[in-house]
């Protein structure tokens, strides 16, 4: 791992100029405002960037892990099918303005997709993405990354190890942007820009802003022994009640979650059967058919499916990957049409355990 | 693989699914090459309804008893029978009339109702066993190609069986139900359209009918919490597919 | 002479379900019947109780080939009822949507429904191996028009979703429109080729005096709005629709018959439009018409096909022109619900289409009436059959039957529409 | 080599086992390649346009050819059972854990199979009989719906004749006209036959999940230690490598941590019939 480079300050104007220059060379994907919501999209001008956004609809990790990916092509040649591999693009691009929770989202997602078995499309898309992080100073009402320590300001994952998951890191301050450089590739992005050394008051300001942001959080999750707590209550009535009364099985929660990785593979033949395309696309444990096999369904009820989502994030993940599957971004809560809230479910279970 | 012998039977509907099927855009020539349309009055004056068929496609809701009789007879002449389009799959638009007494609806339109032999509109599976559903209003291209290619490959089609939200999120849309309080039916509507409406900044109005097993009451209660009056909630669940159990459950809470 | 009966139990290659019954020669006025057995769906019946914002989506489902016409007619009637004024831009986009659908509909009729008659085939699929180039031409052209409808009217060509009371839920972006404009220019030649192809069809001749009715306006080839006019002196506002026309139920058909009050049958559709507003065509289209031998007034109903092919060329020229000049402003549909009554008449591909609604203060429909092109043509199709049979009395039954089928098809009737 | 890209395999022979089950003998088309696997592991077997399904190896490893025994229940399996000699299909694998071969050494073995459950157990048993002296006594209990649904009958007969081996068969129902003279009833009823429940044994079971539920309960009730019960599970799978998410049971991935599990690892998690 590369040692952190010395942090520096770049004025707003200098930053814009730098990005303008980068835009000529790279594809830049950054938060832009579409009808009042932040979306990570390819930008054409720097002015499109929405710096003060709170949370994007689709997380940046799922810009890397695409909704639909053509895996391979089968081409019919004299009656038998030739497998034609599809390769991810290699042109470098910049993912700009990624909040700490979402950087952790990428790191968590990677534990599944780039482990012993590597998903070459994810790996390829990841490799070509330079990530520029941005500390979050505008948490939304559903955010609770502070409970996991994955935000709002960036710190190495779970408080240990070298900084991971991004090349550059920015914090908006009065005097401009405080820029921390984590990788050689990140350093190269800054070449040609005059960074000034941050003053003590800059660093104090950063701490103050951090504290001020922490104070803005209204949602909290007690993560103390959370995995074991949930494992003790897999038959708690909350699953049935919330699942049946409110869950629509619409899958919005999982689709917007930065760490959800489940996928389906489908074959699509062309009408002349000469070419068959094999696609991978996002799937969801909330879909009714997700756990279906030819003789039945292992999660036929909404209760079982909701429990799978919440317990996977807040418990099973720990055994699988040694971390929680939730980074506290709040998207599943925010985008659930009926407002199902995993922090409330966890709190309800904890309250009752304390009472008993 | 031999070209499958196809029969197309139109009942009460706009014939749009047949247009989509036979004339649909760039696939027209391939479709004609891939299948043999043995009977289909909108396509050809040749052929007879006697079959036998590999696949019969049923378009339209059943609104007359003689349609039901023919449907039953045709079922016996075909290996597979597939309703195509919302009308045949779930009653579609023609079934809106089921909400009012039949006589009253008829009298609003015709001064003499003696020549009329209509009954309530029902989907095809009310009368016969069906082998798959080709949903949509009009039928969706993805499912349609899947049906034809599955036939050619000699396998069962994998039809889209999840709700519109899945496609909506795969497209990266903002959820307009949450963000704007738009009365979107996406969470209970079967996908296949590619989340057309939410992608065009409008609420899904359920033209594909319910996703089987959808939790309509939960969505209906959400609409109520958004301040929607009861009669409007009922209308949301009765525009398409009102004979289905799923949408009945949503509507009846507010009737 | 013995009386024989010609029946066609279920006329193929038309939109919807009808039978033809003609007794030869007998007294045809009593026995020429278009027995339209298309099952009624009672749209006017179940529209009662639905809210204004559902009406467009519902009436689109009257017809799978002219959904945009039904939507636009209903929407304009409702806008009149509620006092909603669509913007200039909306009016322009709606015109593009309507024209694109008219052209697509005509093309399907010409190539898939009508052409097999003239080439001696049962259907287009049977024809495909012999005339692959023609079918490819159809596919090329139709795709462009379908894409244009989808881009403007919203999402898809059939039952588009963006067209609502007040305007559009999403506006196309200029790039999309310009791209389609390019593609329209590319199919120009195909469309002209189509006109020549249709002009070469050998059609029977059937002259006669008829009343042609079409919308006209001072400044354009009226499609979505205009005055009701005819070659017999009719000139009225669409609000006077019921003073001019009369709708009547008949026992043998599910569609109702429309007549011009105190006069009788009428003809609507492409031929009627061309006869009445030939001068509103682009000069280049008029030139083309002259080259292929179209002469005013053209009273042969079989020439409706030629008129349709000319309208396709006209649609291309108009859309190219409009797409070239349109400047898009971001605007959202704005509607205030208020009670009222509204009537609208438009030109659907097959001719005059009328919608009428009364809505209450909640925006819910209390009364609805819909009168379609085929209902307008109904009386005349029968009397033309009568004429045809008389003129062919000495010929074999099979030939008469075939000519009858071709005649009905030439009108491009839509029974799904006419019954609804 | 990207694990998601399938390799072509050629059908060398097809054997009909029961009316809906066939054994395909396969060889990788690229003759330089060999497939090495452990009993209990599986392949993703597929056909372009049809899809893929997880299918266990039904033959032991180490040969030029390998076998899959497939029951036609759906889209993929129906297409697989319709294949003929020299047809080509796709495989990728091997994936998953196998049976606990090392742990089984020196122990008595209780094999409990139900219907198709014999498929993953067969390579293990063949391996055991090949290395007979390394193992203790062997008891094979095999239940099927009807006598006709019993797989590998010839081999089972041979196993029954081996030293220190007991094979007990049972069926749920005996159709009229059948020559079946053995017991009827569920496979757990065989537990109380003399010499079935041995000390120092390992129980390996595979079959419908509901059957395994009763096998596990039957064993636990008879004081069989939970840590010595191994089961092979079936779940929906799309990838085979713990990515598609479909096969999870609590924190376990059936494709990676299984399909063979020690019962203690599965105990307590929801969404199983166990």
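Read from first to last, the chains carry the letters A, B, C and D; within each, the first residue is number 1.
As a convention for this text, a contact is a pair of C-beta atoms (placed from the backbone, for glycine too) under 8 Å apart; a residue touches a chain by one contact, two chains touch by 3 or more.
All of these numbers come straight from a predicted model, not from anything done at the bench.
Return the chain pair with more inter-chain C-beta contacts, choosing between A-B and B-C.
Here the pair linked by more C-beta pairs in contact is B-C.
Could you say which chain's mean Cα position falls nearest to the mean Cα position of the entire protein shown?
If we average C-alpha coordinates per chain, B lands closest to the whole-structure average.
Suppose each chain is reduced to the average of its Cα coordinates; what separation in Å results between chain A and chain B?
Averaging C-alpha atoms per chain gives centres 37 Å apart.
For chain B and chain C, what's the span in angstrom between their mean Cα positions?
25
Need the CA-centroid distance for the pair chain A / chain D, whole Å please.
39
So the centre of each chain is just the mean of its C-alpha atoms; given that, what is the distance between chain A and chain C in Å?
Here the centre of chain C sits 52 Å away from the centre of chain A.
Listing for chain B: what residues touch at least two other chains?
Chain B, residues with two or more chain partners: 33, 149, 153, 158, 201.
Taking each residue of chain D in turn, which ones touch at least two of the other chains?
Residue numbers touching two or more other chains: 49-51, 74.
Residues of chain C that contact two or more other chains, please.
Residues of chain C touching two or more partner chains: there are none.
Could you please write down every pair of chains that are in touch?
Between chains, contact exists in these pairs: A-B, A-D, B-C, B-D.
Per the contact definition, I'd like the list of chain A residues that touch chain B in the complex.
34-37, 39, 57-58, 67-68, 244-252, 255-256, 266, 268-273, 281-282, 284, 287-289, 302, 334-338
What residues on chain A touch chain D, complex-wise?
Going by the criterion above, the answer is residues 71-72, 74, 80-81, 83, 85, 112-113, 115-117, 119-120, 231, 234-235, 261-267, 269, 273, 276, 278, 283, 285, 290-295, 298-299, 304, 307-308, 311-312, 315-320.
Which positions of chain D touch chain B when the two form their complex?
Counting only chain D, the residues touching chain B are 49-51, 74-75, 78-79, 82.
Hey, which residues of chain B end up touching chain D in the complex?
It comes out as residues 149, 153-156, 158.
Tell me, which parts of chain C touch chain B in their complex?
Touching chain B from chain C are residues 10-17, 39-46, 48-51, 54, 57-58, 60-65, 67, 108, 112-113, 116, 122-126, 128, 132, 135-136, 138-139, 142-143, 146, 154-156, 158-159, 161-162, 164, 169-170, 249, 251-252, 254, 405, 416.
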